[in-house]
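Read from first to last, the chains carry the letters A, B, C and D; within each, the first residue is number 1.
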Amino acid sequence: MARRFAHSECTIRYSYSMSANPAAKFPDPARLAACARAIADAGRKLGAQGLTPATSSNFSMRLDDSHAAITISGRDKGTLTLDDIMVIDLQGRAVGTPAKPSAETLLHTQIYARFPDANAVLHTHSRTQTVASRLFADSGTIRLEGYELLKAIAGHNTHQTRIDLPVFPNTQDMPELVARVNAWIDGGKPLFGYLIDGHGIYTWGRDMAEAERHIEAFEFLLGCELDLRRLRT
Amino acid sequence: MARRFAHSECTIRYSYSMSANPAAKFPDPARLAACARAIADAGRKLGAQGLTPATSSNFSMRLDDSHAAITISGRDKGTLTLDDIMVIDLQGRAVGTPAKPSAETLLHTQIYARFPDANAVLHTHSRTQTVASRLFADSGTIRLEGYELLKAIAGHNTHQTRIDLPVFPNTQDMPELVARVNAWIDGGKPLFGYLIDGHGIYTWGRDMAEAERHIEAFEFLLGCELDLRRLRT
Amino acid sequence: MARRFAHSECTIRYSYSMSANPAAKFPDPARLAACARAIADAGRKLGAQGLTPATSSNFSMRLDDSHAAITISGRDKGTLTLDDIMVIDLQGRAVGTPAKPSAETLLHTQIYARFPDANAVLHTHSRTQTVASRLFADSGTIRLEGYELLKAIAGHNTHQTRIDLPVFPNTQDMPELVARVNAWIDGGKPLFGYLIDGHGIYTWGRDMAEAERHIEAFEFLLGCELDLRRLRT
Amino acid sequence: MARRFAHSECTIRYSYSMSANPAAKFPDPARLAACARAIADAGRKLGAQGLTPATSSNFSMRLDDSHAAITISGRDKGTLTLDDIMVIDLQGRAVGTPAKPSAETLLHTQIYARFPDANAVLHTHSRTQTVASRLFADSGTIRLEGYELLKAIAGHNTHQTRIDLPVFPNTQDMPELVARVNAWIDGGKPLFGYLIDGHGIYTWGRDMAEAERHIEAFEFLLGCELDLRRLRT
């Protein structure tokens, strides 16, 4: 059985096999189309800012209780079309498509599982993020404090706060990374985003606008930290 | 009683309640439309230069003796439409709209009160501005001298001058910041703009073109100061 | 007596007074229109690269044996229209217009007088140029050597060369600057461009394309020099 | 005898002289048009990122067993049209045109001879590439390791790898450079790209998309290396 739905710009196709995921339901086509469009738009903006070099980075949005839309592995994130976005279930398995989701899909589904309010997850890979991750890998966290722009992170309404951004060791073994993120959350420490060493940042939001605001804010704050380190020595 | 005026691109609506502000008069609709357009255009330019990350920054223009147009709190300043701009009186209160003006509205109205020639106020939040503010917070001022571009600041016609840009401590308490700015002015020291620690810059001009020129010049001069500090150590 | 010539995009007007400059002849309208367009196009490109902040910078082209087209003082160089460009004679006087040419007009006419092959002069004001000028002001020159891109400067066909770029002290007295440039040339030293301390660069070319290539090359080479200085200490 | 083929955007003309290259066959016009378009598109993207200053850089694609398309010497690589691209044989000689190919043509044909899978070669000339080449010229290689983005280089599927990027001395004598590149390959060391001192980078790919991904990845990784060097001292 195959379903298809049309969209004014292009068409996202997915065929649904009852046998493969008997419990799964279809995500709402209108919600899927809207999310795919939001993901492609975010990619264009973030790509233009140089945050997604060389087909790196991946983006997703929660579609419903059991599905998310996510970028297909290996695509140029600055020029995404709706054909570059696929449906997964919240265990990270492709739904109704032979396409391969991002290698880091489990990091997205983990966020949806652990943060019920999160509906959009952005992972980018800027030079600032990579350099900061390597510089602070040994200490394991980057402390951000004294910045007015901390107010751009949801739940903060004063600059008189601080956010500890963890830097996890890089690995190609996603369950290992998932376990590290879980350990941080289970330790009771607040988590608004995290870096992976030699890699980029993960952050999220209630909607795509909030997730984008978080990416912009963390990119800015990490850039300030690097500048201050250069200038204060 | 509600008034409405049309504009070719979009419509700014505000309803006017006699009871709320009995003494207030309407700002001229044509002037309001022109100012809102100038504010949106400035936002687009400043946003494209990376000066307004993560919904930071705010902009205003004086409309008449008792009103200003100002950006609504929380909007993306690089993609403003006329619907993102509202009317306030010069005490900083919303006029004819339930929208919430920028949290820093009192810093705008203070400029209009203290500088009768100022008709446009720009507050941006670049990485260079934030980093410079933190580096010079302890000394309380940044001295700019020896630059040809000092001539871009109104009233200067030679590079053989200097401008002291104050850096005020950050606070979420606007009256406290207003008092610090007043103290500087009342001390008889010239003021062309100021930084807030960990935050951005405020500057202004006779019209939007002059205010934009001041932002560009201060951004450039602060960038040069940071570069020279890196290169001379 | 007033002459006027039309152009597809806009109109450059100039009135010609027999009494003011009895010996002057009209520049060819087609040549003037082409040069004005080339100047506006160059401004758009250089402005987009951030080389012309806050109405700084000025550009000109030689029109004939006795005239040049030059940018009018105080305009935004990134958004020039043909109305922002005027005619001067090669003594730097406005021809047929009450507009005021750039304050640095004499530096342009000097180039046309000393370098018969030069037909376009560009002065820009980037952060890199300003910072380099201040760092090297004491030594009076910046030596550029070992770069493949030296081949972009007219007359160089190998990287095994070097170019000494002089840095002259800044002054608002143009005849003083003209005298310094003349002294360098009269000393028999090659001159492909020069910096003014705390200010920007002057360079030129046989045509606008060559002048633009020189600006791009010097901006690049000065940027490399600053980076290497930061990295080698 | 002259052949000509049309293309929707512009026309690439080349006349074929039987006497000059009696053994040569024509490249397929459709393949030539597609490659020329891909080269022009790549130039526009790389130029917009500032990687091709002052008419530097050159690009090519393999057309068939005995031909390649390459940029004509001295053109602005950010605004290439199909008229800026010519045909060469794999010995680097112009085919059917009096135009002069890039001075570094032999470095392109060498890649096609030594790497049968390579179908696109990109040489760019960014500030980061030039500065890195000068800093690491003495050691002769730049070691890249610990970066997730190493996975963007073909054949790498983990960050737990390292790539040694050689830095060869600059020379205007192409056979000398060709010999150095051959010596590296003949020494059995893997080669994914190389820098030339004071100059830029060469890299390649199975198709233009892969070559572009390699340029973006190396530009990013070299930038990180420079940043870390600045920050760790």
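One rule holds for everything that comes next: a residue touches a chain if its C-beta (ideal position, glycine included) is under 8 Å from a C-beta of that chain, and two chains touch if they have at least 3 such contacts.
Not measured: the values here are computed from a predicted model.
Visitor: For the copies chain C and chain D, give the interface type as same if over half of its residue numbers appear on both sides, and as different if under half do.
Guide: Copies use mostly different positions to touch.
Visitor: Using mean C-alpha positions as chain centres, tell me how far chain C is from chain D in Å, no decimals.
Guide: Here the centre of chain D sits 34 Å away from the centre of chain C.
Visitor: Based only on mean CA positions, could you tell me how far chain B sits from chain D in angstrom?
Guide: Each chain's C-alpha centroid was found; their separation is 48 Å.
Visitor: Chain D: which residues touch two or more other chains?
Guide: Chain D, residues with two or more chain partners: 230, 233.
Visitor: What graph shape do the protein chains here make by touch: line, ring, star, complete or other?
Guide: Ring.
Visitor: Which of the chains touch, listed as pairs?
Guide: The set of touching chain pairs is A-B, A-D, B-C, C-D.
Visitor: Contact residues on chain D for chain C in the complex?
Guide: Per the touch definition, chain D meets chain C at residues 53-56, 125, 127, 130-131, 134-135, 170, 172, 196-200, 226, 229-230, 233.
Visitor: Touching residues of chain D toward chain A in the complex: what are they?
Guide: Where chain D meets chain A, its residues are 146-149, 152, 157-160, 213-214, 216-217, 219-220, 223-224, 227-228, 230-233.
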